[in-house]
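Both complexes shown next keep subunit A, but they swap its partner, so subunit B is in the first and subunit C is in the second.
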Partner chain A sequence: MHRGLALIAFATSVLAAPAFAASAQKITPEEAAVRRLTGEQYRNVIRDVFGPTIEFGGHFEPGLKVGGLAAAGASSIGVTPAVMEQYDAIARVIAEQVVNEAYRDQMIPCKPGDVKAADDACARQFLSGVGRLLYRRPLKPASLNAHVAAAHVGAEATRDFYKGLGLSLAAMLSSPQFLFRDAELETDPDAKGGWRLDPYAKGSQLSFFLWDAGPDLQLLAAAEKGDLSSQKGLERQVDRMMASPRLEAGVRAFFTDNLGFDEFADLTKDAVLFPKFSAQAARDAREQTLKTIVQLLVKEKGDYRDIFTTRKTFLTPELGAIYRVPLVDGRPTGTPDGWAPYEFAGNDKRAGILTHMSFTALHSPAGRGSPTIRGKALREVILCQKVPPPPGNVPFNIIQDTGNPLFKTARDRLTAHRANPVCAGCHKITDPMGLALENFDGAGEYRTTENGKQIDTSGELDGIAFKDAEGLGRAVHDNPATASCLVSRLASYALGRLPGAGEQAWVTALQASFAENGYRVPDLMREIAVSDAYYRRALPRPSPAVAGNAPLQQEAK
Partner chain B sequence: MPRAAVLTFAAAALLSGPLFSKQALAESRSFVVTWFGQAMNSKDGDCGPQGPNPRWPEQRLKNARDLGYSAEEVERMLKEDLAGEEGYEAGKIVQANVFRGRLNGEPVNGYLYPNTVIDPKLRALTGEKAKFQYGFNLDGKIGDKDFEDPETHEKGVDSEFTRAMGCMPTFRGGLTPTAAPLEYAWAWAWKKEGRSAWIITVTAEDLTKDGDATITFDRAVERLRFNADGTPRSDSSYRIDPSPKSHNEYKARIKDGLITLAEPGAADFSMVYNPEFIPVIRMTKVQMRMKVLPDRTIEGFLGGYQRWDDLYIAYASGGKANEDGNAGDLAGIYWLLRKYADHDPSPATGQMMAISATWNFYGIPAFAVSAEPPRASVHH
Partner chain C sequence: MSRPFDRRTLLRGSFAGAAVTVALPVLDGFLTANGTALAATGKPLPQVFGTWFQALSFTPGRWLPDQVGSNYESKAELKPLDRFKSRMNLFSGMKYFHDSRPMEDHRSGWVIGSSGGLPAGSVAPPSIDDVIAGHIAKGTRFRSVEVSLSGTRQSISRRANSPTYNPSEPSPAALYSRIFGPEFKDPNASAFTPDAMAMARKSVLSVVAEDRKAFTARLGAADRARMDEYFTSVRQIENQLEIELQKPAPLEACSKPGRFDETQLGNTTELVEPNTKLFGQLLAHALSCDQTRVVNVHLGIHSAIRKTGGALAWHSLTHEEPTDEKLGYQPQVVWFINWANANFASFLQILENTKEGPGNLLDRMALLWITDHGDARIHSVDNVPIITVGNAGGRLKSGYHLSAPGDPSTRVGLTLQQAFGIPVNSWGLLSNTTTKTFTEIMA
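== the complex of A and B ==
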């Protein structure tokens, strides 16, 4: 972590806070760490502050994945000079729109005395207001003064109040306080010598977890009043946020990360082999699964495990052609496709999200399907079981030669490949599950034969045999690892890192209550959000570099 | 109706059973038409020893000579036109051809008044090498000049439209889209995204067995959908335009996988086609045959007596541009169609107003759902 950011991380403000409810678990918290905003979180904050029409004019660097989650890498990722340049460019584009003559009256609550000169009072009013929302806490006086001074200098240099204000706003948007979610700490009255996130950091952690966005005014006000320091006050805010339609955005953000849907951005298919695949189909496939999940888990408050068996989903005409089901909408020709709820018939092979194009196409190479890659994804993403990477000297020629007349189906090819004992071990844990999805080709379209030979979709998962994808979905549904994996990954997502050894008891308790509560994801999210373990932190240990510098700092004094 | 309701309605309508059949038949399959064009079977030598008619650049010079210009004058005009500042297209040869009609001795637009153009007597299919042409015996007779279908070997095939156009260079070709005549390939490539798709639905108790069936031709609200590589997309859904203008329903029979009309020649056919090409395909005494292939696609032929003035207007509506780019001598085509028309004599003149025609088509699997009649949307 960057040293300056680390300093922000453990900057402490000791506040007298009401006592927390005692934790039921023995928790040894991990060190506090800042977390870089994801691209979507950046966009969500900006849209909340400046409106949904703001354009960003650039792309955000993909996150660093830890344990398969970008969120868990958010506390390990830094900012390279190139990324900083990109942040700076995006910040300028946003700031220019905010101070643009066309929008400034809506965005800026005051008018300068002279548009060609600095106006510190107006700049202060604007910057303190947006600064509170962008930094997710009130600006400290020194920070606000610095931003007002920057606006002043900018206005004088450009002889334009608004340009000066825009420059200061751009600087604010490029600052670590905006780009990173801070982890300012306060002493924890419930744990002697312990620390916890201060109310504003707590509010940020809550809102990015539940809404994938920054705190709203009510949450900031609750933090300011100290409400978040009491269990009752915290629960009141959590319940308010859970009842908001914005919870859907939080659930979508988690599952987008959890299912690796960022990889859709780079997904391509051979257009000759898979002519129906298109960028639109890929976008729709991703959205199909997210809509299915949100409907089942949030709107219907259903059992998480049912996402692997449900026949209910949503489709567009674009997907309808790939899934071979009738679907049109009533929009005029030429307008984008609309969504419609759809339920696959009882005899249809499609049941559960593993049979969605978002799984079968995403976990396939460009020119073919892959039971191994699909099985590996299932083991790692859904069951949290690590599959070792293949040895470097493994020949893949048999698997890749889909035109070999001796091995017409993927099962044939994998059987031949497994004759190599070096390969057999790993394929044994991936292929029996992946082969159950062989009715879906590399782009997710249904098929019954490969190279003219009937496809055998039988398989097994941890001793449970099945004959097709529907059976696989049921086996995943019933596998105890499915639910516990979800809890582990949601906890990692919420914490922004993998849970530490001292936090495992908390995760175990979450897993138990998840099962007791009928595997309801919103209930699990609430339990995490109101848990004091979620906010406890240890002071970061000084890095060797900082420790080594200490004598010099003392000497300098 | 709210959109969600429309969707539900559409899906329910489809899933509840065949949309168009009045019979209680169990299986219904729809196809979207991915090619529709004149069925041609051009062979070397089928236009006689002189071969096909000249291509348009040569024909244009011949027409100038037929207008009374000497060979030397034509040569000089051509040189002047090619060297002229305004370009060849605005030159004397081209303009002479545009206004090659003569009315009371005055030049008139030859496309608008083709009957004022001297018949260039273009060649048509003739002889033994032109014997095999796709189609149907529409009149129930086997005449000396009738064709024989190369697939079914039915004799007495009436397809004078094929005969008339068979020696026009841009109308020569085969069946498949890649082998099809340039005129239709051009029209399809250019216009396919600008017109509503055609949907064929076959309904029967068991489409894999011999028996009765119902076949419908309808026009969709949507355009044909395409894959990323430009090929037509299978398994897409289309709403059926409820307008009766483009609804054709026939009793049919399935025999050894071939679907034919149960009462051949008993019904008419009318489909709005392409407003920018042939606006409407309308035929009487229709016959049809169609096969569902193992890859779930279809291929078939449609025959009947077609209004030839519809065809002429379609080709001539592009005027000089279409004459130059695709069709060739438009007035010549007028005279060919008029000459070979073989049905529906005008009570006033005795001129046949319809010509026996054969079209071929291909299709891929699709879903057909019913649609409400189009309504104007009003924003409040």
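== the complex of A and C ==
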């Protein structure tokens, strides 16, 4: 309650801090930590190495969310036995395809002398090449020898060179060197006694951040030649990667994580109450928002804050039905998948991504909408403000025992609930903005009445009053927490953990330059990617005392 | 096709005649003189443990019996479980202490209920199933098996200090392949040929073991703890290969179930019911075949369980449904409680129908039923109901209602740990610590 309000005040005050140049900041780096690949990163690496048609034959466990991001849990998460079983099964499915008779000639650069026996030379040639891409650095001799030996014993046991090679490859795919991005360090010549990521770890960090994929051959070569150790060499690689169409995948990966789109996997709506909602509509809704964001931020190099006000989006016929907009047949789709650009009219309430189904439906229970849940999502996801959970031992009788509970609209019901001062504290910080989205029902469909009564969508966000969703979008656009939240989320995403206390000055400097440079997300990504602070680390403590900040619970969904 | 709400018809529900019999062979020649089922090795069949998590508790006043001891009369909400009364113990009056920690919504309750306390700093206690698995699950293919009945991967099972829970499997078909796929070795098959591929995999893993360890050489303490978890998980794979390569000891009660097709998963009652029965059958077969000795069943955290056409899920109803003045309770919430208890009974029925020698699976099992609240309507953590089912291989008596007002809930967990032969005298954190067991039910 008060805690929530205090946090809001804090977030706002951070912004008033004077601007710093990011590179000039005094940084006390955090300890180096290895990061587990996300499911999507795993898939992207495999597709890059073995081709886009490879099948995975299994699913990846969702990551651990820290500060709202699965990426930020990557430095804390391990591998439970059930997850190991999945990795093991997926690795074998991939390896079987690679050595399969149908593909082996494309995948493997040599042929064994005898397919029924081990051939160490050919195994070595394949494993060293593939290993460098999978481990994101050249294999150490001992490591390469171990995997050649593994292929050897595998071939002997199965009397089949390819089966043996496949088993060695599967072992590589289940190894910590592949599943975890390493954090090998070297001394930092720019900071006396300090450490930084070595060139290969640097290259990995860069490519997973910008492309959500492993380093390509050019980046590995740059690491090998030492180019990544100079600021100029680093910038050359960053600029090359920023100019690549693969940047879009990186931006999508960040917003997918940041907006909690993993929750689409579990999203269901009641088929009776929301007949237009379908699995296809849900997939389209997710894609609609990502397309809108990529168009505005990457293609048009627009202002991040405009995603909350833009009327430009993309729709499919499925979505058209839900948004109740006339997408007539014969529209100029121009694309094979049925996507068409669409712009809502100037007086329309549907402006900005908060009015997309990907927000309104994603943050609603299965059977109805919820201004409280939407308001909480807005605070937590978009503004980085924590809404406290409901307290224990709260009697709800105030609304439950009302004599004539003819509460037709959510506003009526919540107003009654807020009559209880214990509840009012939190609901004041969630409901007034959530109520502005009441024109969108639990599945995101447009409506103007609820139970026959006209919906009142007026609301307020941190002192700014508005009358509808469009006004809410503008208030979010103008709220200082919106931009600072994006910066701290992107910094956490890039680092794979929350920034430490000693790195806050860097984040503050990034926030200042984000504002100065017109809130351009690709510019911010570049600034992160070329900062010293992004690569500096403290030497890990070898002491048995476990570091203190590991999150201990899965975040509730 | 929205179903109008009618408490009476819904109470009868779809459970009538729902008992599913699992056909497992009963071989009378397989008994000892005193009628104890034995494995073919001559040893008693091992104890097995399970948990059942059902959020949102019961309704105060509608479950707590007026009597304690063995001749109590069940109140309305426990009637669906009456059929198992002699195999159950019902515990009342105990609470979850969250000490000075903030109540984290519905989470504090189940974390204390399953792990005996809330995590502090980076130290997180293991859940009770993991503690017991550490003692009884050596040598089985799966240290524990987690399933979720409502389509999610939520779980209450956690290893010590792990930042994540052991994820639940929501799909019966997927669990079938995991347990009874090609790697399953039927203990009763006459012929046994070790699989060449399994042998090769085992050799390959041992050849790369050193290289994997080398990765950890320069890591700090926090990363090393994560790598310990990784290597423990790798050991389970190695253990599975080891088991696959040995001829298993015959287990007369074991049979491989027939194919499981993909089913629709989800949180509506009509999807949860059939999936509960499928999981019941699968887990019964897995336990009979000694593939695992610990199973965890999860109905859904924050219980998003709902009826098709219902705007509010069970959880929302606990907070928003008005108390019916005449009835004195929230009728739709009570419908869900009755439904969930009947669903639990259908699961127990499958375990009981799983014959082993003269008895059934419940003889050697202890299943711990826990919830998150005493009164979900107000998020309370006092007077939480707890249930155990089964006799843990003769170590646990049953048929009692035991009341321990104000005591920490951990008394039940400590009793169970001792029943499973774990030499501990105390369990729990801070105010949830206890040294008291329920000696009345210790055999």
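Some notes on this structure:
Going forward, the second predicted complex is superposed on the first by the 497 of 557 C-alpha atoms of A that agree within 3 Å, B and C clash if a C-alpha of one lies under 4 Å from a C-alpha of the other, contacts with A are read in each partner's own complex, and residues count from 1 in each chain.
Everything that follows uses one rule, which is that a contact is a pair of C-beta atoms (placed from the backbone, for glycine too) under 8 Å apart; a residue touches a chain by one contact, two chains touch by 3 or more.
All figures in this text were calculated on a predicted structure; none of them were measured in a lab.
Once chain A of one complex is fitted onto chain A of the other, the partner contacts of A:D182 are limited to subunit C, with no touch recorded for subunit B. Applying the stated contact rule after C-alpha superposition, one finds that A:G57 touches neither subunit B nor subunit C.
Contacts of A:I77 after superposition: subunit C is touched, whereas subunit B is not reached. Look at A:G338: by the touch rule set out above, it reaches subunit B but stays clear of subunit C.
The partner of subunit A that touches more of its residues, comparing subunit B with subunit C, is C. In the superposition on chain A, A:V272 makes contact with both subunit B and subunit C. Using the contact criterion defined above for the overlaid structures, shared-chain residue A:D88 touches subunit C, although it does not reach subunit B. Shared contact residues of subunit A with subunit B and subunit C: 271-272. For subunit B in complex with subunit A, the residues that touch the partner chain are 1, 3-4, 6-8, 10-11, 14-15, 221-223, 225, 227-229, 231, 233-239, 365, 367-369, 371-372. Those residues of subunit C lying in contact with subunit A across their complex are 1-2, 98, 102-105, 107-108, 111, 119, 121-124, 143, 146, 151-154, 159, 161-167, 169, 178, 196-197, 199-201, 203-205, 207-208, 210-212, 214-216, 218-223, 225-227, 229-230, 232-234, 236-237, 266-267, 301-302, 304, 306, 308-313, 316, 319-323, 330, 377-381. Against subunit B, the residues of subunit A that register as touching in their complex are 271-272, 275-279, 317, 320-322, 324-331, 333, 338, 340, 342. Those residues of subunit A that touch subunit C in the shared complex are 31-34, 61-62, 64, 73, 76-85, 88, 140, 142-143, 146-147, 149-150, 153-154, 157-158, 163-164, 167-168, 170-172, 174-177, 179-180, 182, 184, 266, 268, 270-273, 365-368, 388-397, 399-402, 405, 413, 539-554, 556-557.
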